[in-house]
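Some structures to go through are shown next.
Here subunit A shows up in two complexes: once beside subunit B, once beside subunit C.
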Partner chain A sequence: MNRLLVVFISFLVLAFHLSAQAQTENETQHQGHSSTGKLQDTNILPPPPANLPDWFNNKKKNHIFYKRGKYNYDTYNIKRLAYDLNAVAVGHAMAYEDMVTGKAVGLDTKTFDRINWVLNNPPKFMPDEANISPTFGRKYGVLELVFDWTHILHAQTVDVLASTDFTEEEKDNEIKALWKFYFESVPYAISPLPMNMAYLDGQPYSGAFRTKYPKVNGLFWGYHWLQGAMYDALLNKTLQQQIDVYEVFGDRYHAIELYRTDRSFMPMFAETSPRFSEKYPYIANAFDNLHMLHDMVNDILASDWIPEPEKEKQILKAIWIVSAEAHKGETPGDVKEEVGMHDHRFMLGMPGMGFMKYGTEDVMFMDNMGWMSMADCHHCSMPLAEGKDAWRAPTVSAEGWTMRTRCALCARDMAAETKGAVIIHLPTENPLKPAVVISDEMGNMTTDSPEIIFLENEKSHRSCDRWSLTFSSLKAFQNYVAANPEFKNAQPVSFEDWSGLRGKKPDTYVKPVGPEGNPYDIQPEEISMENE
Partner chain B sequence: MSRAMFIKSFQMWVISMIMVFGMTGTSWPHEAKCPHCELDIVQDTPEQDNEVALMYGKKRIEYRCVMCAIADSEKSYKGDLKVLAPSEIKGKPVELVRTEGKWTAPDSTVFIGHKIKHRYCERGYRAFTTAEAFSKHVAKYKAQLPDAKQITLAELVKIALSDIVQDEKKK
Partner chain C sequence: MIPDRLLLPYLWLTLFLVVLPQFVQGVDHNNIDSGRPLSFDDAEAVALRERSIEVGLGGISPYGSSAGMTLDAGFLYGFALNSHLMLDADAVAGGRAGSLDKGFQIEGIKFGIFHNFNREFGNTPAFSVLTGLDLPTEDGSNGVAIHFRGIASKVLFQYDRIHLNLDGIVKTDAENFERGFLPRLILGYSKPLGYPRSFFRTGVAELSMRSTELKGTGPVMSFGIGLRQQVTVRSVIDIGISSDFWAIDQAPHEDFKLIAGYSVSF
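Entry: the complex of A and B
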């Protein structure tokens, strides 16, 4: 009996010991976590490749500048947009300088207030960021070169879109020429391939900045929103249309987008400019990858558990991950390893966006919208026009997103079902003459092309791209009806009448389904760092 | 296989399973998230209407429940508007009107405003054309709605206003 008692007590002691040890290990592990729940162990940070190209070690200024063109600075045709972009440059630079000069502690308070003042009182000319963040430039010179080079592409492509000297065809050619100049002139180009966002945002340091400095991070993601949304706001529009549209976008940018701290992920280019992203996927991807590089650098700098010398290495590593050079010979759709550095899959219908967290070819998650498909109409679920016909898809811009629809009815009804001011882009039979419709908060619609005529002969949405169309004139409507006898009894609908119509609920709608809940709430995400 | 690889593979398998089984579910008509609570909008069924609509000018915005619609009306919209709240009669919503800030509903309209799991909030916050219809509803869902009392429109508006305050506090 005594022996049994001893065995029992020994067992209890052992159990207690094991339990205490597990507790200690658990506590040790928790003490070793950063604010984002990652282990504070620099061993988990894979080093940059040993044989980085020579330009990574560049410490010289190497100031680089614009491609020559008569369109340069034409963004100032839309003054409000130009000034807002000037302020973005100041905001970025101020935050970086404070982060590397020991003022990070005041980032979400003092720095935020300083930046916010500039955003509301923007400079009239584009500042040289190097003058605002000299310490950052000295320390991370090559990073600044990479940033600058892609910012130049940003500026010049917007200049082209805002130019009144070029035809649409000339603008298209110049944007392609700008890309060639960007990609071939110097080695600092960012990869034009779609990259896996779950991988880029799944680094050991990911999330540190947004957790620590949610307000400044909100500003940064607000800039990304503007830098994405402005492309569809300008593409294929007259100057007056661009000015009118930017009044709506600018109001939203200043009232909401800059101050949002509830985003699950940075705004993606294709979520805000799907027409531009479909047409120039390599540019949309480069900009998304650039914006991710910004996020990665922010996270590295905000991770106190990473020693300074290691931060410099990790920044070089981040540049390498998104650089064009690291992905030489790879093409869109290639996937060497899923959710890894060389995962270049993209969604059906949207070559200008890499896979999002838990995304698939068919669906991706968007805040406030849930799981969405990029290849189908967001109102009736029917497939959108693709390839050379992609321009035929109308778009609806509201609540910070821009989505494509299959027909004019889908665009109008989606606008009526969405809160706030809405911009509808309606292609006509003439690719050079789209109509722009602006709806106010009460759904009252106005257009600068009141002569447009609609066909609305409502049937099943299986064929809505045939029975709901916009025409630039009555003559164009009559030509279409003559060529399509099934509509011989259809009456032309004026803009005024059309804006007051309301279609039935689409018979073809299928709700896109993905994993339950918001995938960004699932933490922590473990992403493989192998095979790099 | 590393631990990270195993976890990733398992996560992907779970997601694939959810997606495969999810895809076989019902096809729903066009919908977005509820602008107030950000949950899916509960669709009408052949037996019962669930979609709440806020009519503001030419806009028709859908909500998950009548409390969400009133709360968002108070939070986001100035001026006159209407809320179409599904009632116990299919195809015959109750019209709640806000004119110059004052809410009105047809006589005899009663409401339920009972805190319930969000999954079932279209049961906890509803309009009824009569008190009898309210009693029938509470009897039908007695497990989820124990002690539920009928309330007036003014009381429902009060609940909605306190929900806005709670929401603001969370921010």
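Entry: the complex of A and C
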């Protein structure tokens, strides 16, 4: 018996030894790969603060179960969206695993093909990312912890929006409760403050990933687009509206957004879900900061000139920069240093987005749109509803962006001026009954609420939010007209008639311009040549 | 008609099959707990505030006896970060190893606490311990057994993991012909199957060596293989087969054991 035990134990020791050896070889390979890149002075990399909080040294799993609720997993009510989100998790994990196991050289070819297959054949359940990227997790466990915890907030907020068991008010309360759960349960929550994107994307390593691996970077930014766009696609909509809207969004995601390599910056929440970002700015900011953390980590890992131990430090620093703990006591709008870590300014009219590169308080640059203001209607330049009336602004989703407008006419005409399928979200007098209009590629409009009635008594756009409105019924229209005698002669307009109308060019329109000397005002041909 | 001795297991199984689908939400195919389907644990605790129910039904072919069946049910609860409580009950009916009994019997109720000290990082394995009490339920049995399990989980290549389990059971009231201390060593292995196109299946295998209760017999070596398959967002089914392929000096053992189980967290 003793001999048997000795044989058995020696077998176990050998197995553990082989395991350690295999792993060391794996990591040595990776380090060898990293050291072949161009050399730059690593002194330009500011180190992380000397006294990082204890959780940066965490060596535990610290898994926390999601917040229980009757909405758990309701994202599966919109199956296509749920499956696409499952595939996103796989895509992130596969890329990270390949980057830390010496396979980065094939990222834009083999890895891209592998991820692309999964994106087109999405898993039916959400896989555990840690299972797909075990080497990455062993190496960057704290980062994995931060990612996982914020991804749970992502998943649960979408579950709430997709729930059919909650009223809109209950959804609002639960989203706030989820934020509290996220923010107060752990010390490693992401900052809810708007942050300066020029600073976050202005690190010595910034841009390395998108330059080196444009196709996989395109996928990552495509995920970020989906993870942003889905919020306005679901907010204040019935399940059927959500399903219908996601058919349009899902088609665009798979046909275009995943494969774009011409974006000038990562898609931001407020560019894709302005209603959600205005209503829950702290969540939109946290998600933008999370997505920037992804970008910063990608850039660090793709920077061959940074030695391996320094990469680990820089990743810790990137986590610190976007962590809530680093910004304790600071509030939105604070600016200790312009274009620095503690610059929390946001654009007028949009508390859910930090300053963009070259942006000012008044304008920012958006791909396919040019310079625009977040506080004004992009169609008529008049100020948008804000505060408790913010829900009254219609939105137009097209070409990958979602913009708020001031009135229904602005939304319809803006949709008509845009290529491809368009979704128009039209609030009525009842906040709980918005109408959704989908315009196909030929401009044919359909709605799930054909009973809606419009007021369209075109005048100057200075007051378009009074003369161009949507009502849930004829009675609601009549009530409005009775309360506003200036429209006593106005005729109700049916959806069918309204969809065929076109307004005049708004008399108030002013084309926003960017700050002098900004690089976006280079001719598009020059930008595309630079990208190539 | 169902024989009297199988009535209770039948009712138990029916209850679980009826009740469990309502909880269909939990667990992960790649996190392995003892009995699901083999005897080793990985070093991962359930999440804080996670609740999990695990049940299994097995058929056994004991050495020197007729076939029997086993039923086990467990409840796990993450009561603190990286720690969970475990309550487990095992029952057997028909033939069983080392006994002439054939009737239905609850073999034991176990209460344990699992704690994970660290996740795997660098070259350091994830370490956990499971410790607790086995309460006697068999006729004529006295005292309790204190059990201890040390667990180390470590990656072997990229996705394969090995799990070393070292067990010690101390019986507080062992008879003269019984051993008071029962050691066991298990080497478990797990590997996700289907990557990079499928993400919901894990293959498991184990090789173990254990001491037996009867003085003058043993040890026993076992081998088992199994599969865990995610079937809903948070539930997993498992199936496994094992054999005590080497038993010294007529040690009580099972020639074969086939087990199928279901786990769900909520």
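FYI, the second predicted complex is superposed on the first by the 475 of 532 C-alpha atoms of A that agree within 3 Å, B and C clash if a C-alpha of one lies under 4 Å from a C-alpha of the other, contacts with A are read in each partner's own complex, and residues count from 1 in each chain.
Following the convention adopted for this analysis, contacts are C-beta pairs under 8 Å (C-beta built on N, C-alpha and C of every residue); 3 or more make two chains touch, one makes a residue touch a chain.
Only a predicted model underlies this, so the values are computations on that prediction, with no experimental measurement involved.
Visitor: After lining up the shared chain so the two structures overlap, which partner does A:Met296 touch, if you call subunit B first and subunit C second: first, second, both or neither?
Guide: In the superposition, A:Met296 touches no partner, neither subunit B nor subunit C.
Visitor: Based on the superposed arrangement, let me know which partner A:Ala416 touches: subunit B (first), subunit C (second), both, or neither?
Guide: first
Visitor: Thinking of the overlay built on chain A, is A:Ile64 touched by subunit B (first), by subunit C (second), by both, or by neither?
Guide: After superposition on chain A, A:Ile64 lies in contact with subunit C alone.
Visitor: In the superposed arrangement, which partner chain does A:Gly443 touch: subunit B (first), subunit C (second), both, or neither?
Guide: A:Gly443 contacts subunit B only, not subunit C.
Visitor: Counting only touches as set out at the top, which of subunit B and subunit C does A:Ile132 meet: first, second, both, neither?
Guide: second
Visitor: May I ask you to decide whether A:Pro123 touches subunit B, subunit C, both, or neither, giving the answer as first, second, both or neither?
Guide: Touch partner of A:Pro123: subunit C, not subunit B.
Visitor: On subunit A, which partner touches more residues: subunit B or subunit C?
Guide: C
Visitor: Taking the complex as given, what residues does subunit A use to touch subunit B?
Guide: Touching subunit B from subunit A are residues 338-339, 358, 360, 368-370, 379-380, 414, 416-419, 439-445, 499-500, 502, 505-506, 509-511, 513-516, 526-530.
Visitor: Hey, which residues of subunit B end up touching subunit A in the complex?
Guide: 2, 4-5, 7-8, 12, 14-15, 18-19, 22-23, 25, 27-33, 35, 38, 40, 56-62, 76
Visitor: Per the contact definition, I'd like the list of subunit C residues that touch subunit A in the complex.
Guide: 25, 28, 30, 44-50, 78, 81-82, 116-126, 152, 154-159, 162, 164, 185, 187, 192, 195-200, 209, 218-219, 221, 230, 232-234, 248, 265
Visitor: Write out the stretch or stretches of subunit A touching subunit C in their complex.
Guide: The contact residues of subunit A facing subunit C are 1, 4-5, 8-9, 11-12, 15-16, 18-20, 22-24, 26, 59-65, 68, 72-73, 76, 90, 94, 97, 101, 114, 117-118, 121, 123-128, 131-132, 134-135, 137-139, 141.
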